[in-house]
Amino acid sequence: MCALTITARKSTKANAPLASDTENTEKNIVMNTRALNLWYGENHALKNINLPMLENDVTAIIGPSGCGKSTYIKTLNRMVELVPNVRISGEILYRDRNIFDKTYLVEELRTRVGMVFQKPNPFPKSIFDNVAYGPKIHGIRDKKILKEIVEKSLRGAAIWEEVKDRLNENAYGLSGGQQQRLCIARCLAIEPDVILMDEPTSALDPKSTLKVEELIQELKEKYSIIIVTHNMQQAARISDKTAFFLNGEVIEYDNTDLIFSTPNDKRTEDYITGRFG
Amino acid sequence: MCALTITARKSTKANAPLASDTENTEKNIVMNTRALNLWYGENHALKNINLPMLENDVTAIIGPSGCGKSTYIKTLNRMVELVPNVRISGEILYRDRNIFDKTYLVEELRTRVGMVFQKPNPFPKSIFDNVAYGPKIHGIRDKKILKEIVEKSLRGAAIWEEVKDRLNENAYGLSGGQQQRLCIARCLAIEPDVILMDEPTSALDPKSTLKVEELIQELKEKYSIIIVTHNMQQAARISDKTAFFLNGEVIEYDNTDLIFSTPNDKRTEDYITGRFG
Amino acid sequence: AACGSDEEGSGNQAGASGGELSGSVVIDGSGTVYPLMARIADEFMSTEEENVSVEVSRSGTSAGMKKFVVGETDFSNASRPIKEEELAELDENGIESEEFKVALDGLTLVINPENDWATEMTEEEIKTMFVTGKIKADDDVLWSDIRSDWPAEKINFYGPNENHGTYEFFVETILEEQELVEGINLQQEYSTLVSLVSEDKYGIAFFGYGYYANNDDKIAAVAIDFGNGPVAPSLDTIAEDGPYAPFTRPVFTNLSIDAAKEKEQVKAFAEYVFSKGAAEFAGETGFAPLPEEELQESLELIQAID
Amino acid sequence: MSKTVGVKDLIQKKDKLSKMKSGVEKSIPVFLFCLASISVLTTVGIVSTLVYETFLFFKDVSLIEFFTTTELKPLSPVEPKFSILPLLTGTVMTSLVAMLVAIPIGLTTAVFLSEYASPAVRKVLKPLIEVLAGIPTIVYGFFAFTFVTPLLREFIPALGATNALSPGIVMGIMIIPLVASLSEDAMNSVPNAMREGAMALGATKLEVTLRVVIPAAISGIIASFVLGISRAIGETMIVTIASGSSKNFTFDITQSMQTMTAYIVEVTSGDAASGTTAYYSLYAVAFTLFVFTLLMNMFARYISRKYREAY
Amino acid sequence: MKDMNMDIAPEKKSYIDLNVVQKKMSARILLNKIVNYLFLLSTLFGLIVLVILLYRVVADSIGWLNIDFLTNKLSTSPDRAGIVGAIIGTVWLMIIVGPVTMVLGIGTAIYLEEYAKKGRFHSFIQTNITNLAGVPSIVFGLLGLTIFVRVFGFGSSIIAGGLTMSLLVLPIVVVSAQEAIRSVPQFLREASYGMGATKWQTIKNVVLPSALPGVLTGMILALSRAIGETAPLVVIGIPALLIPIPGSLFDSFTVLPMQIYYWTIDSVLVDEYAHLAAATILVLLTVLFVMNSVAIIIRNKFQKRY
């Protein structure tokens, strides 16, 4: 697809994302957000967002509570439209196609852009059925193929060894950390292209968090990942790019190491050093 | 009544209250807690509490969340007994009489030991009726006397000027800070001897907080006050004595200035300097 | 062939575990006649034709007729003769029907068992006391207004309501269309009337003999003097030409001839009613059986249907 | 990955197929909409049948006769009279008796369960009381007729074998759980902080209940009363069996009275032939009954919404 | 206690006289105690009635409720009478009410909760359902009589009774299904949408299975209401004597409560009918008890696992 052409630029307002045009200019842009605005009724929740997302990168989104992180990530697979009275302007290109296009079926988009949620949310079904859910709704009925997919996905989510003997047990019997990896496996089962993760470790204990973080590092080999986190250290540890949101605006966007070492914006610095949020 | 004779002493465990026997040995003890233990079912919430409370003093109770502050203060007027499955051992002397005595009627105790709650909880009645409620249930029917009581109490709670023209309006029309002072007025109307306050300002904005703090300073001329607070500065500002609770035990009890300047216990110091809680 | 087997069946297989007929017989109409018809139907189904289903409702004489004239029912019981309008409607709908007397009922005046004065009354006394304004303008009639040595207590009148053929018979035939006394307590259920009188020392009610006969432990019947000394209602006295005759009335059932022609089971049941049922079960349900010749006549009429 | 099937391709192929099936996706809401409309159709059906036949009735009988005279003799061969007042008094008197039983007992039950009983006691008593609501009304009718009336007779000799009192009481018992559970819900939604505020002033439970909890929950409590009344007005079998069918205009609850519902039963199961005024009268009565209960239900919802305190 | 007054600082003008307060205190507390017991008594009142009611029913049915009673067909003679017909009629009724209310009720609930836009139309349907829940059952009987019995010409058949009953209990099913659907956490829906599932796939595969226990509980409660309901069937017209067992949806039928009704009012004719009514009540109550227990078990077993 098209190579990253956007370099450091200023939008009309002061909220321009700054992508330092170093090293990874040759990476493809998977999703590209352009002049995105979003309103919940009267509440202007996202303001003129411009943000690229590179292939096989981990992009972290950080910012204080209520700044619009979840809203943004849910816009990327149009889950935000489940909220009544949402209004959206601007465009988001996924592989060069505008996801808000009339002809773009949301179901198709969501099959390509998977999502992992803050609280592990397995279905109250067996472990097997949880993972097989996606392939099944997309019309794969063949038992043998389903089995292969389930195993492959569970392996991919680094949970296969722990659950292979209890695939028919209810997913609610798993620990929180296992449930979250199961949800990742469920997401992998439809072989998405992009994975969105909204604070995937915030409900987990430190050990499970570590496991999921390691997993994300592995997954980025094959998938492009966007992760929302309120944990600065986590963003620093696992992401390649970081965007800092504040009050619905992108204050700064750059390579993670740069954001955390030499932020351009005073507000970013204040946030990173724990002066608010 | 009896003068304060308890001086620094160690209980069997390490949780002995330490009252430095300086200056105020001549003040009366209003309430005295001795070897108090309390269980919620299996949960041992208060462990061998020994704590005096001096007349016309403000005693602050501080400690991290869940340490038993509310439980303790609710034990002092036996409100804690409203919780099912509560078990209590030990004794609390109010003016030398054990409040757990079979012959001691809770209603009588609560008329002497008033209480102000964390969240303002006026009744859904008029301002007048809120304040008159206590006197009325205690048998005062005379309209004129009731009016006098209401005015006096509202003045006492420093809210008279703000509400004198709208006594018949519903109390829910008041702001949070006004509601809290109304609740204090309601408490004053039955002319209690001791006033218990459980985080009375935690639901208020800074301005209202200040007003209530000033009020507490005035009230202590006439009443003995125990105040639970999670706000260290507040404790330091308004109290004479401070008790530090941790895990249901009293770690340290002393003059407020001593506690905040030279705590005896490492855990107190850690808490005060914000290392936990 | 089916017709033949039917005739044999009703003759030979009585008491056997079941005949060859099936299908349903639908009966509606009078509540007075209901106990008798239900009893006959029950017996018919348990001893004669196990596979025939006879359903008996009791929406009342007139309501039953409404269904009968449009062909919804096969039999319509009645506690009064069929009316001209009803015949006209049957005609209009092209339904051929026949009215048969089934049994005799005696209109019974009942009082509380503790009432020890009015155990005998004359026909005339009954006729005057139940008519409005006859004794007193305000109708607050006292027992002593009828005979001076009776208690000076108000009479409480009860009776079945206008839904019932019994009401019509009482008002039209016995009271000769004079208006019923004001303030009479009219009820839909006979059970209610029985209870009311059994609890009311000064009460008096009228209804069919059957409801009295089954409750003679709770209520008492007035013996009526029709001029030849008091006659208590009983199965014997209410029989044809018995001494209670002025207050007896026949009860009927109307048969749809068309239904009898079309459905063997309807005809079979009709034959059963007049060959056996009406005579055998009248007594136990509180009716006097009709004379045998009359039943035989009806039976022959039915057997002649083809 | 290499050894497995290309899930991505599989999905894309199948998806094209399934998107063709998106007709299903589109038609399902339409289908469900049709199902949901049945409930509306039911209302339309009720209203239109009632209104049409009621209209026919009022062609024969004037509104004035219906609502202001006092005689009801629908099947009289001499001179039929149509007044709803005897039925209204019957309905009002039985419902009044019912509410005199259900309101005090239901409310005190609610108070006991919500304010006095320990959670353990509450957990046992509450479902037991709700059993009362699940007993079929025909059973209550039987109970009223064969047990309560004879029992009351011991104390009130003048009581008729059918009367308004006994079914009224039994209806009240049946309605206790309704009043109790709705009132209890209302009291439970009064925040505990309010109770604690009063207790801390030395109030007894009774004072807390009477002066704080009940006033705060009053809208829900009144709503429960109104729904109870509406239930009593619409109740049929108990009164049909136990209150008789006397159509006298009277307020004497020791005597037989007929309610609107019992009248409908009598006329439909009785002798009135369709097409007659008597037959139409049953629709006029039913329409009155329908409007009555509808208004009460709407009123109940209105007050419980309007006066819900903002705590 | 005297020195309590002394504790109060002299400049503080006191309105509260502690001695008075104290004197009143014991009276207040005593009152509270007494009232506590009064309230308990009042709470127990309902239960006492329940016990009496059950005791009477059991006592009256002893000797009458046996296997024969359960397996015999209906009869006019008390010692032969049984309720197998009413039991099977009740089952037939459920065969209509179950599926009809399930489809209508769940469909309506899904539409309201998942599809309808929260607006005027939504609240119109919602209000309509709440109002229907408050319409007296006898009015539903009239609806059934007019629409199903007359207009559709089903007569007093199972299908007419079943459809009427279905409309009557529909609001119960809709409301409980709505609650069940609403209690399915949003995150489960999101999880499904996140996989590219369509709305209907999400409802079918995630929402309905999770809501099932709640829906089932509502269904059972609705069915038990339908089993015990009498008034609409009285209006529709159920034969007083129906011996045959219904074999199709278009047959006449009777159900347990109707049998209780007829036996209760006919107990005046035949005393033993009161015992038959009691025995039938016991059967009905047992059925309802079992159904409600199942509902409670389902509810407890599947309660909130999220």
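Labels A, B, C, D and E are assigned to the chains in the order they are written; within every chain, residues are numbered from 1.
By definition in this document, a residue touches a chain if its C-beta (ideal position, glycine included) is under 8 Å from a C-beta of that chain, and two chains touch if they have at least 3 such contacts.
What you see is a predicted model, and the numbers here were worked out from it, not measured in a lab.
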Listing by label each chain that touches subunit C and subunit E gives D
Min route length, chain touch network, subunit A to subunit C, equals 2
Farthest chain from subunit A by C-alpha centroid distance is chain C
In whole angstrom, the CA-centroid distance of subunit B from subunit C equals 86
Per the C-alpha centroid definition, the whole-Å distance linking subunit D and subunit E comes out as 12
CA centroids of subunit A and subunit B: separation to the nearest Å works out as 49
Whole-angstrom distance, CA centroid of subunit C to CA centroid of subunit D, is 39
In subunit E, the residues touching two or more other chains are 28-29, 198, 237, 265
Multi-chain contacts in subunit B, i.e. residues touching at least two other chains, fall at 107-108, 111, 137-138, 190
Listed in rising order, subunit D residues that touch 2 or more other chains are 204, 207, 269
Subunit E contacts subunit A in the complex at 117-118, 185, 187-198, 201, 205-206, 209-210, 305-306
In the complex, the residues of subunit B that touch subunit D are 77, 79, 82, 84, 107-111, 114-115, 117, 119, 121-125, 133-134, 136-138, 172, 183, 186-187, 190
Within the complex, subunit E is touched by subunit B residues 95, 105, 107-108, 111-112, 135, 137-140, 145, 148-149, 152, 190-191, 193, 222
As the complex stands, subunit D meets subunit E at residues 22, 24-25, 28-29, 31-33, 35-36, 38-40, 42-43, 45-46, 49-50, 53, 104-105, 108-109, 111-113, 116-117, 125, 127-129, 131-132, 134-139, 141-143, 145-147, 173, 176-177, 204-207, 227, 230, 233-237, 240-241, 261, 264-265, 268-269, 282-283, 286, 289-290, 293-294, 296-298, 301
Within their complex, subunit E touches subunit D through residues 28-29, 31-32, 35-36, 38-40, 42-43, 45-47, 49-50, 52-53, 56-57, 103-104, 107-108, 110-112, 115-116, 124-125, 128-132, 134-143, 145-147, 167, 170-171, 174, 198-200, 224, 227-231, 234-235, 237, 257, 260-261, 264-265, 274, 277-278, 281, 284-285, 288, 292, 296
